[in-house]
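Labels for the chains are A, B, C and D, by order of writing; each one numbers its residues from 1.
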Amino acid sequence: MTGAPPRDRPILSVRDLHLAIAGRGRHTPILRGASLDIAPSEVHGLVGESGAGKTMIGKAVLGIQPSPARISGGSVLFEGRDVTHLSERERRALMGRGMGLIPQDPMTSLNPAHRIGAQIADVLRLHLGMDRPAAGARALELLNEVHVRAPERVLRQYPHEISGGMRQRVLIAIAFACRPRLIVADEPTTALDVTVQRQVLALIKRMQAQEGASILFVTHDLGVVAKICDRVTVLHGGRVLETGETRRIVEAPEHDYTRALIAATPRHDRPGDLLRPVPEALTARLNAEALAYDAAHGSHG
Amino acid sequence: MAESVLLEAAGLRLSLPDYSRKPPFGPAPPVDILHGIDLAIAPGDTLGVVGESGSGKTSLGRTLVRLHRPTAGRLLFDGRDIANLTEERLRPLRAQFQMIFQDPQSSLNPRRRVADIVAQPLHLHGRAATRAEARRQVDALLERVALRPAHGERYPHELSGGERQRIGIARAIALRPRLVVADEIVSGLDMSSQAQILALLRELRRDLGLALLFISHDLSVVRTVCDRVMVMLNGRAVEQGECAAIFASPRHPYTRRLLNAIPLPDVDPGWVARTADNQLGEELSMNVKDSVALVTGANRGVGEAFVRVLLDRGAAKIYAAMRSTDGYEAPDGRVRPLALDVTDHGRIAEAAAECGDVTLLINNAGVNRNRPISDDDALRNARDEMEVNYFGTMEMCRRFGPVLAANGGGAIVNMLSLLSRVNLPMIGTYCGSKAAALSLTQGVRAELAAQGTLTVAVMPGAINTRMGDMNPPPLEDPADVANAALDAVEAGEEDIYPGVMAEGVSQGLAADAKAVEKEFAAYLPG
Amino acid sequence: MAEAAVSGARRPRATGATTRRLLTNRRVVLGGAVLLFFALAAIFAPLLAPRDPVEQDLLLQYVPPVWSDEAEAGYLFGTDNLGRDILSRLIYGARIALFVAVAAAAAAGLLGTVLGLIAGYFGGWIDITISRLVEIWMAFPAVLLSIVLVAVMGTGLHSVVIAIAAIDWTRFCRVVRAETMAQKQQDYVASAVTIGLGRARILWREILPNVVPLLIVLFTLEMGIAVIVEAILSYVNLSLASDFPTWGGMISDGRKYVNQAPWLMILPILCVIALVLALNALGDGLKDALDPAMRR
Amino acid sequence: MSWTFLFRRLLLAVPTLFGVAVVVFVLLRVVPGDPIAMLIGPGATDADIAELRRLYGLDESIAVQFLYYLRDLAAGDFGTSISMRQDVMELVLGRLPVTIELCLVAMAMAIALGGTMALAGAYWRGRAGEATVDGAAGFILAIPDFLWALLFILFVVVFALDGLPISGRIGHDVGFRGATGFLLIESLARLRFDAFGSVLLHTVLPAAALALPLAAIVARVLKTSINEAMTQDYILMARVKGFSRARIVCREALRNALVPTVTLTGVQFTFLVGGTVLVEKIFSYPGIGNMAIDAVINRDLPLIQGLVLTFAVLFIAINLLVDMSYALLNPRMRHG
């Protein structure tokens, strides 16, 4: 692993994490000894293509990986404490003030049956013990902070009555509501139009700076990474290929795969560049390495 | 554009029934999807169509291959109008224009094997006499899209996303069409599959001489594939031209915003911070279609043009406000004449109560005494001009602000002038009133943004009306100005300078204000 | 039946996969086995039945089943009030139950599927008309309507089949219509249009094969419903003449003598329950087993 | 929910009702060919037949008969019952409250039982609890209401449970005469708890027979809907928010699961009402279902017609209620 070490004692430290989907005699490894560190107040990008396991790391950190997925080795240290073996009750206590999530799809991540106001207020009441009026007032404040217009009206509305960009703002407000130390942002702008994406990215960055939270920013988009992340981890086949400062990764990538990804990204400012698909030989090599890893680490299966 | 044209659309409109608003008896009301699209594709040409969700780009693609029947306009394929051909008459022509769909999962019949899917068009159009011949062609097509013949034995669900999209391409080129419409064909794919598909598309285009209409939300992808590009917003083409020109200097504000929003993979920590504070919030913009507009000074000049353009763009209702409605003939049933003198503040309050459904307020009324400051009546002139241009606008904004808020935010368009920015000798008092109105507009914008109201300042140069006589040429067409203002409303743009002259001056002001001021000061009407 | 209809002989790969999925589904295997058991009994009734089902023996009334102390050798399930052999009657009853089940489900399925496909694919006034018809049909109590229908048409197997089909076509129609509309939205239909396929062929060759798995499931469930309705009709003595061995008729007779001989009622009830349970299990199992092939 | 929605929905019921009337007419007057054949007993003379024809207007053309029929329906005149020699409308209205009370009790039982099963199954998802609920629901569902009724009777007879009545609606010894047909409500209002108990006891078995299949369907659909809702992203959000599983199932998933459940089970409520035809007969429960079977057996044409139409109106009313509750539950419809 390369790159400058994190500035402080990491707030999140994923150590040699192994995770596999098991069931009906099949055993599919998803994460193969992934490790990464996030310092306080750092925005850490986690980049990879589909199947790289990036979303699964985010879910494992929050303890909400789907049921057939099993952590078969390694640890996730949140503020020095391993959260992979927490009971459900302990995990719940960690949410809200400890960790939060900005989900991928704003259209489906708000409960269609409840008003926006109630969905913001319920976290405040659960984790900060606020009473109904106080939570309502704080929800209004939060909507103001995420630049929702006419927030009084929005509080009384149902999710289907507001636009996708507005819903993502509401979800950002919920994520930051209890001032968590770590937020997992799981492809938070993938479902949005590009003009809305820019506003939402700006908003996430501003809230992060204001609250001093760390963010694990999961994305497939190198452009977004380059604009918002301090450090980046590149993931393929559940393995970390390289980690480092964003500038170093984007401008002087060390791993062939990172270089190939950058070469495969279309850019409107360089129309002359031919897009170079990730070479098949490289993909084959990476897959072979992953299989070799499985063979060598059979004990985790 | 090349001398020959393969596909040409002129004034293409599309309305589809809106089932969410269907009454219990009778048909669903139509909703307008495309508002008069013009485009032309030459053989071997590539046109990119770019837009965000709801822009109508997918509907456009489907209309061009006649999956939808256009409601109006012409659609010429190889010189023949196919807009209203019946499906039976169209069928023999279909081999020449094919489509690749966005979602290869849904566009391949899950119960057919890949070889059957690719062979189907060959059998249907008699391109393969025997089974063996079809199989030979299918294998060649699969190889063409970099798949192995063995893939033909599989079912779609046994393939990866990228492979499925290759099958979609193979099927589309099976009949050797002259035009292919590709609708968001890489949007569901990983970066590496995307690059492969785009490379394949380039190759095929080169080898087969295909004309390609490439629909995408991603400007970067379009740039790598296409020679020309069309930018769509709310069912309209806001800008169209050579990629090189448009990407280098986009003219339409929406194109600019779209380009600025793309995060390129260059490290730029300031990029996020450069999103201005007032852009952090939800974009303020509204559809002109179905809006309820109020236009002051609606009986002449730009006001009249606004009414016409609003009707054309599907406004639900227009209050045409003027001092006196005597002798005014409404051009359409949707236009309601309204007697309103903007210097009569009591009447403005009444009007705000009467017109409780307004969502778009167009403050167009203005006066220009056309006299220099040295004139004997300068004080009275200045007061008259201020009364209409400043106080009238202010009072309208004040009274209608709550109305707009109650209707969900809406928009205010204040018709100002280039002379709000720079003074012109001989009409100094007018320029002063317009400058005050600009400052007022900024104040209104800041205050009403919180309730979701967009406030647009329109600052054209001279307009071809009686009032603009004294201004420097060239003269702008009032309808162009009105359209530009409504484009700004739909794009959420705040200050616009419609016309070549106005745009030039605003760029000049940004570069060197003093020089422009000097140039204007030296200008004397001839 | 299921495999053949789903994938056809030309598709060796998927047939293998589908068969494997079907054979590993517990409900399909169990339900299928019970159904097979009844089907064999029905087909080979003349060979299997120890006695003539309508032969009366007034000297041997109310003989209890074999597990009772007073059982009579040769009468496995005892005899009824007229001394008829219950086992034989049950075996012949399976014949009638299964015949009605298959014939009525096929008739209802054919009518409902055709109307559902047409309504879902063509939409517009055709859809409105057919949907309105379904709605009117659904406003009738099915049981009462079938009883009235048979009363009007006169008793007999054909009346029973017609009555069930005339009422239950709506089940197929509603589901097939909805599924057709959903399939029509898929881009493979749009793509068939762009290559120039005609509407009838799109409906027949492209959409219908994707609706077939659903039809198989519906058909199985409808067979269960038909068995029940036949039992109801013979219970109220409208299905067949009363000395014909129908399960419903046996239940009805048993009801009269429930105090003396409860087994008269228990045994046919158990037969109905077992067959319906098997058909339901088979239907639910098929739904699960056929679904992934359809969607993924 | 808006009044326009309600009004619109009511308006839609009108053509359905008309269609129902047409179908009944066709079924009872046209299909059998000679309806008199259905009416006459053996040994009727030609004069009797002619008299009957005249009496029922059957000597007129079909079109004229249809117009008469519509006119009578519009006036609420269903004719006179042949077997009971009473006005059909009076007969039906006299029995209707009995069936309505029975159905309401059955529905309440079905919702309570089905809802409990569904929640239990969803809470213990993927564990033995869910498998038990699935198995029970599948088993209950395979047995139609009339077989449940017979099984209950068998049970009572075999185990000699004399405390559970299997016939009638109220004990002969109670001596309670209701002014209305709604005995349950009325006895409660008049504080006659003995009568209330007796009616309730008589209602338990028929209501349970009617309720069980519906309960199984409610259990199945609701459980599936909750499980479906539990896979949604907003549930993941609720887990990240730190809510307990019980709260997530009940507050986050249940509300959203109710909408599809109401849509999918709505029509099943009409099946329950339709089931009264046999179940009331089996338990000699004096409602309109019981009356309907007798009417068919007696070939009482006017009564059959009146009862079929009554059931149709009940069904349409239930569908209306289902649609309204759907609109109430779905925020999209409330603020659409």
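Going forward, a contact is a pair of C-beta atoms (placed from the backbone, for glycine too) under 8 Å apart; a residue touches a chain by one contact, two chains touch by 3 or more.
Note that this is a predicted model, so its numbers are computed, not measured.
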| item | value |
| --- | --- |
| Pair of chains ranked first by number of touching C-beta pairs | A-B |
| Chain whose mean Cα position lies farthest from chain D | B |
| Centre-to-centre distance between chain D and chain B (centres being mean Cα positions), rounded to whole Å | 56 |
| Cα-centroid distance, chain A relative to chain D, in whole angstrom | 52 |
| For chain A paired with chain B, centre-to-centre distance based on mean C-alpha positions, whole Å | 34 |
| Contacts with two or more other chains, residues of chain D listed in rising order | none |
| Multi-chain contact residues (two or more partners), chain C | none |
| Residue numbers of chain B (touch at least two other chains) | none |
| Touch list for chain D against partner chain A, complex | 126, 232-234, 236-245, 252, 255-256, 331-332, 335 |
| Chain D-touching residues of chain C, taken from the complex the two chains share | 132-133, 135-145, 147-149, 151-153, 224, 228, 231-232, 235-236, 251, 255, 258-259, 262, 265-266, 269, 272-273, 276-277, 280-281, 284 |
| Chain A contact footprint on chain B (complex, rising order) | 52-53, 190-196, 198-199, 217-224, 243-244, 247, 257-269, 271-273, 275, 279-284, 405, 409, 449-452 |
| Footprint of chain B on chain A - complex, ascending | 49-50, 147-150, 163, 165-166, 169, 193-199, 201-203, 205-206, 220-228, 246-247, 250-251, 260-262, 264-269, 271, 274-278, 283 |
| Sites on chain A touched by chain D in the complex | 62, 64, 67, 88, 91-96, 99-101, 103-105, 108-114, 122-123, 126-127, 157-158, 160-161, 171, 174 |
